[in-house]
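Several structures are given next for inspection.
There are two complexes below, and they share chain A, which is joined by chain B in the first and by chain C in the second.
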Partner chain A sequence: MSRLARNILVLFGVIGGPILAQYCANRFGLSQYAQGILYKIALNVTLAAGLSLIIGFAGQFSLGQAGFMSVGAFFSGLFTSKLVLAMTASMNPAFLEGDTTSAAFLRGGFLILTMLAGMAAAVVASILVGLPSLRLRGDYLAIATLGFGEIGYNLLLVYFQKQYSDTAYYMPNEVNFMEKTVNIASSWTVALVGILVVRNLISSTAGRALPAIREDEIAAGAVGINSTRYKLLAFIIGSVLASAAGVLEAHQTLTVNPANYRFDRSIEMIVPVVLGGSGSLTGSVLAAGLFTFLLELLRGLPSDAQQYRTIVYAGVLVVIMILRPQGLMGRYELGDLFRYIARRRSAGRPTMTLPALAAQQIIAPQSGKLECRDLTIRFGGLIAVNGFNLSLAPREILGLIGPNGAGKTTCFNMITGVYRPTSGDVCLNDQSLVGSKTFRINQRGIARTFQNIRLFANLSVLDNVRIALHAHLKTGVPAAILRTAAFYKEEALTHATAMHLLDLLDLSRVADERAGSLPYGDQRRLEIARALATRPRVLCLDEPAAGMNPAEKRDLLNLIAKIHQLFQLTILLIEHDMQVVMGVCHRIVVLDHGETIAIGTPAEIRKNPAVIEAYLGEPAGHAA
Partner chain B sequence: MRLGLIAPIVSALAAFIAPPSSVFAADPIKIGHLASLTGSEATFGQSTDRGITMAAEERNAAGGINGRPVEIVTVDDQSKNQEVNNCMMKLIQQDKVVAILGEIASSNTIAAIPAAQRNKIPLVTPGSTNPEVTKKGDYVFRVCYTDIVQGGAIAGFAAKRLDAKRAAIITDQASAYSINLSRIFKQEFEKLGGKVVIEVSYKKTDSDYNAQVRQALGAKPDLLVLTGYYTNIGNIVLTARRAGYTGPCIGGDGWDSDALYQIGGKALDNCYFTNHYSPDDPNPRIQDFVKKYQSKYGSVPDAMAVLGYDAALVLFDAVARAGETTGPKIRDALATTKNVQALSGSITIDKERNAQKEIVIVGIKDGKRYLKELWKN
Partner chain C sequence: MNWFIPQTINGLTLGGVYALIALGYSLVYGVLRLINFAHGDVYMVGAVVAFWTARWFGWTQTADDRVGPLLMVGVLVMSVAACMALGYSIERFAYRPLRKAPRLNSLITAIGVSFLLENVFQLKAVFGASPRGFPETRLPWSSINVGGIDIRFEQILILAGTFFFLVVCRYIILHTRLGLAIRATSFNHNNARLMGINVDQITSMTFVFGSGLAAVAGVFVGMYQHQIDPLMGVNAGLKAFIAAVVGGIGNLSGAVLGGLIMGLSETYIAGSSYSDYRDAFAFGLLILILLVRPGGILGSVTAEKV
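Showing the complex of A and B:
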């Protein structure tokens, strides 16, 4: 099937499907109670899809999500009570309430308008909340979002008290017809659009930036991902979905009651996400649907047993979490099953090879000149690095050595923007990098590896490399969500490029493995592959030989030589191991206690008395 | 789990869910009860459920409605607005009830109205005092008084019986109920020639009221009006007495709790509040109810239990008069309810579908409540 036909089919399914379902429900007399349950499932599925993006994929634990429901509820409630009321003032109430097709479409149009109002408000609110709070991580973020949720609740409460002398807002009776718009058609359209947007985003190269941030935000920055931007994006999309659910709920109850959108509601929303598998959209959505349905079934119990309904529910949650702490689906998606089947069927068939031109592009020589001038950094009273000077010519391999604590990694961190130097300058091809963010410095052409490996451990080997190609994408998030032709083309190219790089580093055989499960040597190579995927001019390797056995070290030496030859780039190498440094570097800089004590060729350094003293702790004369 | 284990559980559950075998040959009349059995307002729903259950049992013991037994189907909305619609739909479509009793919290009752209106099923609320409720649809009725009526009664009693001229109002600023009651009191009190000399407010979570009380007493009032809830009220009265104030204090049904007397003790003497009923009322119907309730549930019935019972009485009366058990007929019968002898007074439904009845004014003496009088605005 062609891509276009598929897109059209999906679009029809998402919008036409629920409308058809509604038609059938009415035609075959499905009870309003059953329809009410289906609406409820759609509502909770929408919330789960949005929250799964924020918590499961971006790894940002938000406890204020119900607040965005109230934003949607409030602004759409206001829109409906004022503008829809004004628009329908001259219309016949019997017509508006009626069951004619034209009335249904008119009401649907009003719902779309009022939902747009609610969602627009949620975009603004999520930016206002997200910008300051997404700087925080983990528990701090959770508490901050909790705080914002309470602020929202109290703001609404005070407003309603001043305005209506009440703790909730009740829409005027004249817009009661809007209650009819909350049905299977509208709620499932919202749910399916929500699922589709989230799915399309997370299964694209641009969207994979999100799990990368979840896995390791520093490493994500080092491969050119603007984590603030992506976290905010996930936050906005999740919040807009929550607000859409809030709009539906407000029009179903014809009430905006801030008490419905407090902390306990946010927790209620998080439960299915964690339970279904917090890194799995499929799991979160299925759990949301399933549990809504089960809770509804328990409603049939007699009144004295109903009080135990929530206890039964809570008990089931506890049992599931004990038996399967990673959630029902773990990190697996429905798509993984299809891919598994497809792979078994296509085993043995050749996969797409990279077009020759693109293959050339990856290794197109683009080396750079890196200079550090008087680089100094103080941490309080401690001068970690003092007046560090360095000049790397294009295509040079320079080793930076020194005893533990000499300041080598600190120099790296200043070059790559993790630390901002107290004084001095870092220039790439004569342009200063000081003050730029890590991801920006990577995009300018400096890639790095880490002393203690920082892979995206829970992602596949292939994804680790694909994510690093991220900064060079021409199609962005909108194309990924809309699945344009250009997106598919680029996605295929990205896949082939990543496989090509893995091939070069002899990793393609493990492309589908989880990165964290690779043997140590492979992890080191994968980190280098990931750094190369960002197409750097300068590659900074932080102790790549650490923890390797002699055979692995020999392989590493060959690998560095091979990369240098293939990619023609500048390499800055921090290393303890003399065998590696002496074997591969053109020049060596020796650092001790933050000061440069020697610069020269390997042969010169070997004989330098200051270096010998720094390493052996005694003057050269005594050592001999 | 093996199938062998599931089968007996399923059959046990089925037996549990199946309606109890009845002594009546005729089909039961099913009446729904929408209640907060769990969640933040759980005590409300549990109380109304007890009152309604007692009313149904008494009615069935006396032969049911027109020879048919009454069956109450209760559904829990967890005190959440968003659960209400499905609860209503279950009662109406799965259980096929002819009318529904509920809710207490006004926002839950309002959330139930669209479903009631759409399916033409009457909804009788035992205790939603928000004036908006009965304006939302012509199938909605109420057996309690609104805050407007209650505020008017407080003002009338204060002006006419206590001869108050200068009132100081102390309001709970986080409660819509308190804000509204204060507003209505002021309006009605001034109409009767009184003067509100000062208005101060506190938050529910405050524990020290010295500042507010001093400020209020500084205006030399001859009446303190406290429109909040019992925990705060008890402490405010204590503070006022310590500051030397000996005049009367007055408030609404938010005062009604045994905890009030534990907190305030004798400081509460010369205090009055409006309520739905008084367990001290010598009326034999009330004494009989209190005794039966106590032996069945082990506690003195609160106002919600009484209102639940009364709502059921009003509804049973209407169903009996309606002729047939269809929503519209029952609705019409409800609208013409006249002088139903209920526990909280003799109930007549007015044009706005609200109950017209006396308001109970409770007085406190020696740290104990007594029935002061039955008030009619």
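Showing the complex of A and C:
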């Protein structure tokens, strides 16, 4: 089946399916109670899809999502009520009611309009909340979002008390769009569109930036991912979905009650996401549906057993968390099951040759001139690096050596923007990099590896490299969500490029493995592959030979030479191992206690008395 | 001014209660980097156990039946013991199995434990959902008059208690072997283990300490407000947590400072024409502190090493 046909089919399924279901439900007289349960399941599935994106994939723990439901409920509720009341004031009030098809369409139209109003409000609100709070991490983000949710509740409550002398707003009966006609249709359309958007996003190269941020934000920055932008994007999409659910709930109950959207509701939304598997959209969505259904079953218990409902709920939550912390589905998706059945591996041999990739300008040999001028950084009273000067000519390989604590990695961190130097300048091809964010510096052509390996440990080897190709994508998030032809084309190209790079570093046989499960040497090489994928001009390698045996070191030497020759790169190398440094570098800079003590060719450095003293701790004369 | 001074005293009293709870949040966060969401509910359990104990000793559950001071001390001791046991069990059975799981899991579990306690205590067979009266104490004097302002005995008790426990905590943390072990554990679990510290035991100890302080706060509030209910820990827990963050979480003096700030600001705002916005203000302050000074007023932040 062609991709276009598949896209059209999916679109019809998403919109036509719920309408058909609604038609059948009405035709065969499905009880209002059963319809209500189906509607509730759709609502919770929508919420789970959005939260799964924020918590599971982007790794941002928000405890205030119910607040965005109230944003949707509030704005759409008031918007439609005011609009419809204004219209009915001048027209026959029956125009929205009745069983005629035109009235049904009108109701549907109004619902869509009001939904858009609610979503637009949620976009604004999520930017206002997200921009400041997404700078925070982990627990602090959770607390800040919780705070925003409670502030929102407080403000809405005061507004309702002042405006309507009530704790909630009750919509007029004319606005009753959903009853009978569009209950299932509207809620399930929203749910399926939500699932589709999230699924399309997370299974695209652009969307894989999100789990990269979850795994390691610093490494994500080092491969050119603008983490602020992506975190905000996930937050907006998740919040818009929450708001859509809020719109539906307001119109179903004809009430906007802020007390329904407090902290406990946010928790109620999070529970299925975590229980289903917080890195699995399938798991989160299934758990949300299942939980809603099971809780409805518990409602059937006699009334004096009702009080045990929440106790059972909380107890199950604690027990599952302890027994299966990764959630029921872990990180597995439905697609993984299909792939397993079909035994289709995403890896395989590279499908494009190097010249073909070069022709697409995916692998373009390029080099740059890197200069550091008087680079100095202080941490409190400690001067970690003092007046560091460096000039790397294009295609030079320069070694940076020195005893532990000499300031080598600190230099790397200043060059790549992880630390901002106290004074001095870093220039790439005569343009200053100081003050730029890490991801921007990477995009301008400096890639690095880390001393303590920082791979995206829970992602596949292939994904680690694919993510790094991210900054050079031409199709963005909208194309990924809409699955355009250009998107598929670029996705194939990305895959081919990544596989080629893996092949080059002898890693294509493990492309489907979890990066964190690779042996040490493979992890080091994967970091190099990932750095190369960002198309650098300058490659900074931080102790690539650390922990390798002599045979592996020899392979590494050959590898660095091969990469240098193939990509025409400028390479800056931190290394303790003299065999590697002397074997591959054109020139060597020696640091000690933050000061440069020698610069020269390997032969010169070997004989330099200051270097010998720094390493052996005694004046060179004594040894003789 | 005739408004200001009594409100300040009320605010300090409320702040003292927040501070006692906040100390527990801070201790646990320091060692485990976990927001113990169930901590506010331990405070509630403290008040409830005191209620039960008083009844068990023959208190007739009427406002006229005042219990003697000696019995009140006994009630307090029982409540502290019960909460220490509860705190120990929560850590041992709900959090310890998750020590190596992602932090998110512990947070969810903490929330689960919190829901569990709240709902179990709402059962009729346990305590019931509606508020109940707390025994009043026969006191040597109910209030003293200083320069035209009445100060209740309980207010002095709460403030003195807060100060006393802060001093005790600080002494334990800074000047005893146990305190040294707690500080080492808080710095780095693995290093602490290598130095021969039983990290699990130390973690349990901090939960036991924190829960004991929460019990004291619960009894104090019962004595002060003469009324307790199974959801009293929700709001107080949140406010106390904010207090811990505002003062600098992991820092004991910070917890007390934060508690007093929260108590004072809440009382002042409640007495002003902006009283409707007091929660918005509290959370606004929290967010502001998180953004501007994430380490809190007295705390510091350590940068991640790359």
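Brief remarks follow.
We adopt the following convention: the second predicted complex is superposed on the first by the 586 of 624 C-alpha atoms of A that agree within 3 Å, B and C clash if a C-alpha of one lies under 4 Å from a C-alpha of the other, contacts with A are read in each partner's own complex, and residues count from 1 in each chain.
FYI, a residue touches a chain if its C-beta (ideal position, glycine included) is under 8 Å from a C-beta of that chain, and two chains touch if they have at least 3 such contacts.
It should be emphasised that the depicted structure is a prediction, and the values quoted were computed from it without experimental measurement.
Contact comparison for chain A: of chain B and chain C, C touches the greater number of residues. When the shared chain is aligned, chain C comes close enough to touch A:I218, but chain B does not.
In the superposed model, A:Q161 makes contact with both chain B and chain C.
Applying the stated contact rule after C-alpha superposition, one finds that A:G547 touches neither chain B nor chain C. In the overlay built on the shared chain, the residue A:R299 is in contact with chain B alone; chain C does not reach it. When both complexes are overlaid on chain A, the residue A:Q307 reaches chain B and chain C alike. Once chain A of one complex is fitted onto chain A of the other, the partner contacts of A:K40 are limited to chain B, with no touch recorded for chain C.
Once both structures are placed on chain A, chain A residues 157, 161, 307, 310 are touched by chain B and, in the other complex, by chain C.
Of all the residues in chain A, the ones that touch chain B in their complex are 31-33, 36-37, 40, 157, 160-161, 165-168, 170, 173, 176, 179, 249, 252-255, 257, 259-260, 296, 299-303, 305-307, 309-310.
By the touch rule above, chain A contacts chain C in their complex via residues 55, 61, 132-133, 135-136, 138-140, 142-144, 146-148, 150-151, 153-155, 157-158, 161, 218, 267, 270-271, 274, 278, 307-308, 310-311, 313-315, 317-318, 321-322, 325-326, 409, 413, 418, 450. Residues 33, 35, 94, 97-98, 101-105, 107-109, 111-113, 115-116, 119-120, 122-124, 241-242, 245, 276-277, 279-280, 283-284, 286-287, 290-291, 294, 304, 306 of chain C touch chain A in their complex. If you check the complex, the residues on chain B that touch chain A are 16-17, 33, 35, 37-38, 42, 49, 72-76, 78, 80-82, 84-87, 89-90, 92-94, 107, 110-111, 113-115, 117-119, 130, 132, 135-137, 174-176, 179-180, 183.
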